[in-house]
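These notes are about the structure you will find just below.
Chain nomenclature is as follows: A, B, C and D, assigned in order of appearance, with residue numbering initiated at 1 for each chain independently.
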Amino acid sequence: MNTFGRLFRVTTWGESHGPAVGAVVDGCPPGLDLCEEDIDRDLRRRRPGQSALTTARAEEDRVRILSGVFEGKTTGTPISLMLENRDVRSRDYDALANLFRPGHADFTYEKKYGIRDHRGSGRASGRETAGRVAGGAIARKLLAAAGIRIIGYTRRIGEIEIDDARIDLDAIERNPVRSPDPIAAEAMAKHIEEVRAAGDSAGGIAEILAEGVPPGLGDPVFGKLDADLAAAVVSVGAVKGVEFGDGFALARMRGSQSNDPFIADGTRDPFIPRTDWRIRTATNHAGGILGGISTGMPIVLRAVVKPTSSISIAQRTVRRDGTPTTVRVEGRHDPAIVIRVVPVLEAMTALVLADAWLAQRALRGRDPGA
Amino acid sequence: MNTFGRLFRVTTWGESHGPAVGAVVDGCPPGLDLCEEDIDRDLRRRRPGQSALTTARAEEDRVRILSGVFEGKTTGTPISLMLENRDVRSRDYDALANLFRPGHADFTYEKKYGIRDHRGSGRASGRETAGRVAGGAIARKLLAAAGIRIIGYTRRIGEIEIDDARIDLDAIERNPVRSPDPIAAEAMAKHIEEVRAAGDSAGGIAEILAEGVPPGLGDPVFGKLDADLAAAVVSVGAVKGVEFGDGFALARMRGSQSNDPFIADGTRDPFIPRTDWRIRTATNHAGGILGGISTGMPIVLRAVVKPTSSISIAQRTVRRDGTPTTVRVEGRHDPAIVIRVVPVLEAMTALVLADAWLAQRALRGRDPGA
Amino acid sequence: MNTFGRLFRVTTWGESHGPAVGAVVDGCPPGLDLCEEDIDRDLRRRRPGQSALTTARAEEDRVRILSGVFEGKTTGTPISLMLENRDVRSRDYDALANLFRPGHADFTYEKKYGIRDHRGSGRASGRETAGRVAGGAIARKLLAAAGIRIIGYTRRIGEIEIDDARIDLDAIERNPVRSPDPIAAEAMAKHIEEVRAAGDSAGGIAEILAEGVPPGLGDPVFGKLDADLAAAVVSVGAVKGVEFGDGFALARMRGSQSNDPFIADGTRDPFIPRTDWRIRTATNHAGGILGGISTGMPIVLRAVVKPTSSISIAQRTVRRDGTPTTVRVEGRHDPAIVIRVVPVLEAMTALVLADAWLAQRALRGRDPGA
Amino acid sequence: MNTFGRLFRVTTWGESHGPAVGAVVDGCPPGLDLCEEDIDRDLRRRRPGQSALTTARAEEDRVRILSGVFEGKTTGTPISLMLENRDVRSRDYDALANLFRPGHADFTYEKKYGIRDHRGSGRASGRETAGRVAGGAIARKLLAAAGIRIIGYTRRIGEIEIDDARIDLDAIERNPVRSPDPIAAEAMAKHIEEVRAAGDSAGGIAEILAEGVPPGLGDPVFGKLDADLAAAVVSVGAVKGVEFGDGFALARMRGSQSNDPFIADGTRDPFIPRTDWRIRTATNHAGGILGGISTGMPIVLRAVVKPTSSISIAQRTVRRDGTPTTVRVEGRHDPAIVIRVVPVLEAMTALVLADAWLAQRALRGRDPGA
């Protein structure tokens, strides 16, 4: 199952230390303007080596479009995307071939397949997400043309959480931790430095907003928009949970608090004709989704990202034959992987929304929201 | 998308106030013992009217198996399951046809489809989950034969959470709130009574354990076991988030805390031959899943369930034409729907695991874990 | 795999001698007028006992719509359809439980599943097609609203083929063999009587036309319209081949004969503006499909239907344990099943076209041909 | 829909005149020996320029395996295959950009997508099949390990058909027309030369045998083995029909002729114990499939391949704006494309059988036939 989506589908392939990674995007409508720079822009945000706070592995990550685009426009045929793996040091991993790193998928791949490419985690490497981001960049272009915008940022790292009152979306890409709160950004950076100095790693929470989503996207019962988003988000390595709107805080609320009242904008202005009234909710505890269908309010989701599994502190583990040993995972690793997960989650959100948008177009025969 | 699963598939159908609801289970292996009572047992746990703390709507919910079983055994052909809707009072809903109840899917169905069956929420009714539970009961039988057991319970209602030190799985079905902690059960029941008396409702958290799951289930990259479980769980109405293992608490942890060390049982006992050593993790922060593949440790997931949307307190809303109004949702409703969501989540977990179990059997040509 | 289709999906269930057969149609757009009589009309054409030339088994075959329709219109939710099995004489089949009837699926079901419901061929019975016809009737209504009409008839029975010069589509349902050529119809009927009197059965060819199909339906590479139609048609029991347009006769032709020249209607009439010219092919050797995509010309396909396997002439076979025996398949059987396959093929054609029509609507955002 | 298969899946991509074509194979079990030469072997048989009777376009067609193989074995992760397009002369096609070649998909792609890559037919080019052959080569290796062998050859070109009495499977690759009958091979070659000299092309019939297929493969109702094979075969460009076993000839037969009697090998030999009796059919009119499930007898199918659409004889057609014109399709073309379709049909057959083989393994938990 390396294919995601029903109408807008992406198939990813590639291992960390093979010759290349890539994706095939199938089902993209024809006539969309697309060039390699459209994709590289998103890839640069996922790329390692962006700052002192991320891994030092340097990848150029320039995509090649091998099919599906003619004279600058998509043709409706599959779009094959390839990124070569350049800065590959397989020997770093030789010592790890015969043991199971804690927190990694070494053990489970071995149990599942009976064989595994141990170099740089193979298919389980974060490198796999480059294909997702490349495919997601195309979905994002499709959505942008429909007025839908997806924004992601770091909400929390360790004990440091952003203050909603200070959120400035323009600040996100101006600091190395992708925080929309510049003050929290500094504390987060300091925390990461401390954790790294200790040979350890930090967890965090990423938050994704999708604005401009028309009401009506998502397909009950099993293709609910939040169910598809949950699968998309949790399919990203290191993500161990997802919540929508008020999420887990809803457990402590009452219905009279959590229900979002419906209102109609314009009802109090006598100059706005009734036909122009726009129904929406006054609050957004639901995170933009009711009954698995978008409400027209912003979609809000959060994903928890576990601390990076690779740490240089000595850890107990076993070799493949069961004998106890200890391991320090040296090499180039991100101390707080949540920062680089943000653009991957944006990509996955874009893939789900593009798919739902096309499905709704099939159902009703016109662009959703039109 | 009313079909769930790849190899073990269930298609559900039916509205709250139509003649019946049901499910078609496709892909169940032949030769499994199956009778209607196997399914009714799980349906009774989902059924309303089980206690003073759930809705008074009484449904007999006895399933009819219409196909796929011959002389008490599954034949490999699709198993059609039907439950008639008996205690249907459609007129209760006439007043609601032209307004949008807060927290419900009235507005989004109308936007999506341009038409909706307003009686008892139609397809968006909790009644829809009867088909899931019926299908899940078959998956559960298949898994039981493979040594896999799924247990669900209420972890939290409002401010009351169970104490892990007091968990007694045998206590779950002995109290009306499905709490494994008998002391918390009493506080939860009292809390629900208070909320109901106020015309309000309470949120909560359900927890699901799957024990005996062999390592190797789940399919990277997009069919990860946790991604499929996330979709399954969030596809249930009222669920607004899901987490695995330590879940959202991982955001505050360090890698040295969250990584589960690998150990091999038996390594210290000179009488246990090396070939019988069983590798597992010493702790289970990962909730039984690494890299999207089961580790062999218990799978642990939690879902947050929002407060029941139907409350009798007056709420602001609008009519279909946008004019403001207020609504009190009278009728028979569960003040804390989390209690009845538990068996639905068990069913969804069973469906995912049965599917992953068959997929792994296809991949390796033998029963997983054998 | 009892589900067919990608966007417009039908799942069928049921055995010949179980309590009922049925289908769940998922993905039907909302707002389509639909009542039980719309479906019964097609079911009556499939029904046995229509004339002296078909089996005497009498089934009322009145469908019940159990979900998905509200106040006479589809709601977009799954439409569950059920037909009870009434005239069931299971004991007729007791003698057959332990042997393999030649031409039937007894042996292969046993090898596949290790268990089988032997009564009336179980799931392999022609009775299974009632669910297809019921689902297809809904697809047909959807297509009719888009100006697409599907017509089927018997082209050949044994040595008797219709004369294209005598085709009268209105004649089809006026004779018991579904021949559009009234003269051939009489010869076919006589031939069937002879075959039946000999305890034998006859093969034949069915032809399906789809008129009004807009250009652009069908999805290269693996979802080609003819590939999907081929799967649909060959999935019907007793069909052993399918061809499109000139089909197998193309093997003897040259490119200069088989290529259909393109012309533009209206080019010679000075009063027709250039924007109203309609490009089409002058001939239709391609059967309305080029490169897997509809051309706008009528789609023409033919399916070969093998002689009914059940014959009362003694045949050599073996028992389940391998011991040789002979069998005469007595009971109520169609001597030329092609007649009753015609409406099933119409239904399958409708399902494929409805699916392709919705897919094209998703791709381009408007009704195909609009 | 550029993905084929359910468990063993291949996604193809690429246009005739883009930088490359390729395929991603997903779902291949781990541990299979695989190197590039395994794939190149099959690609060479598909390759143009093999003899004077095929197109002169020369492609090296050496595949690169970009992922999914580690130390010479498949790992269970997706196998990405790429073939660069080298001998590309796009300018040959400039004159064709604004007209619709008869028999080609120019018109239908334009109607479907509103845009098309006209160079060398773009995605509709026969070049697309290189990805299928590459993917099929992997399926074929998997099947070979299970004792299944797939053989294809040319049965007919124009009026020349092979004589079954002269079939010698070893002769197939020794003559340029892939005929198993050496005498027919000479007549076919002579016929092709004549047709080419006339600027015309010839149609034909390809035949595929699959030997060693265990009984039990194929999934009723909609995943019947013959339905899946029909879709696979008809999805290949230029194929306009498919038949199984006696195929269209069954229309003229009676049940007493077409039913294959069951026999048990060994029943007459007193030294063979009853448990070793092997049940099979005495004849094989059914072509190895009954009720959509393999019988264990050889699978036999035939596909009709239309005459190559590209001919240098002048043909009537229209420009994109509808104005009449004539076209001679010059360039490098195969006068009888059936010869090169043979390995593509073998590949598609292998993909279907590999998929069905894995599905049956999931259903029963052991290798089919074991």
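Convention: a contact is a pair of C-beta atoms (placed from the backbone, for glycine too) under 8 Å apart; a residue touches a chain by one contact, two chains touch by 3 or more.
Model, not experiment: these values are computed from the prediction.
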Original post:
Chains shared as neighbours by subunit A and subunit D?
Top reply: B, C
Original post:
Distance from the CA centroid of subunit A to that of subunit C, rounded to the nearest Å?
Top reply: 45
**OP:** Using mean C-alpha positions as chain centres, tell me how far subunit C is from subunit D in Å, no decimals.
**Re:** 26
Original post:
Multi-chain contacts in subunit C: which residues touch at least two other chains?
Top reply: 1-3, 6, 12, 27, 30, 76-77, 112-114, 123, 220, 363-364
Original post:
Drawing the touching chains as a network, do you get a line, a ring, a star, a complete graph or other?
Top reply: complete
Subject >> For the subunit C and subunit B complex, residues of the former touching the latter >> reply: 1-3, 9, 11-15, 18-22, 24, 26-27, 30-31, 64, 66-68, 70, 73, 75-80, 82, 112-117, 122-123
Original post:
For subunit D, which residues count as touching subunit B in their complex?
Top reply: 6-7, 27, 29-30, 76-77, 220, 358-359, 361-367
Original post:
Of all residues in subunit A, which touch subunit B in the complex?
Top reply: 1-4, 6, 12, 100, 102-105, 107-109, 111-114, 123-124, 128, 156-159, 195, 200-205, 215-224, 226-235, 237, 240-248, 250-264, 267, 274, 277, 279, 281-282, 286-287, 289-296, 304-311, 313, 315-318, 321-324, 360, 363-364
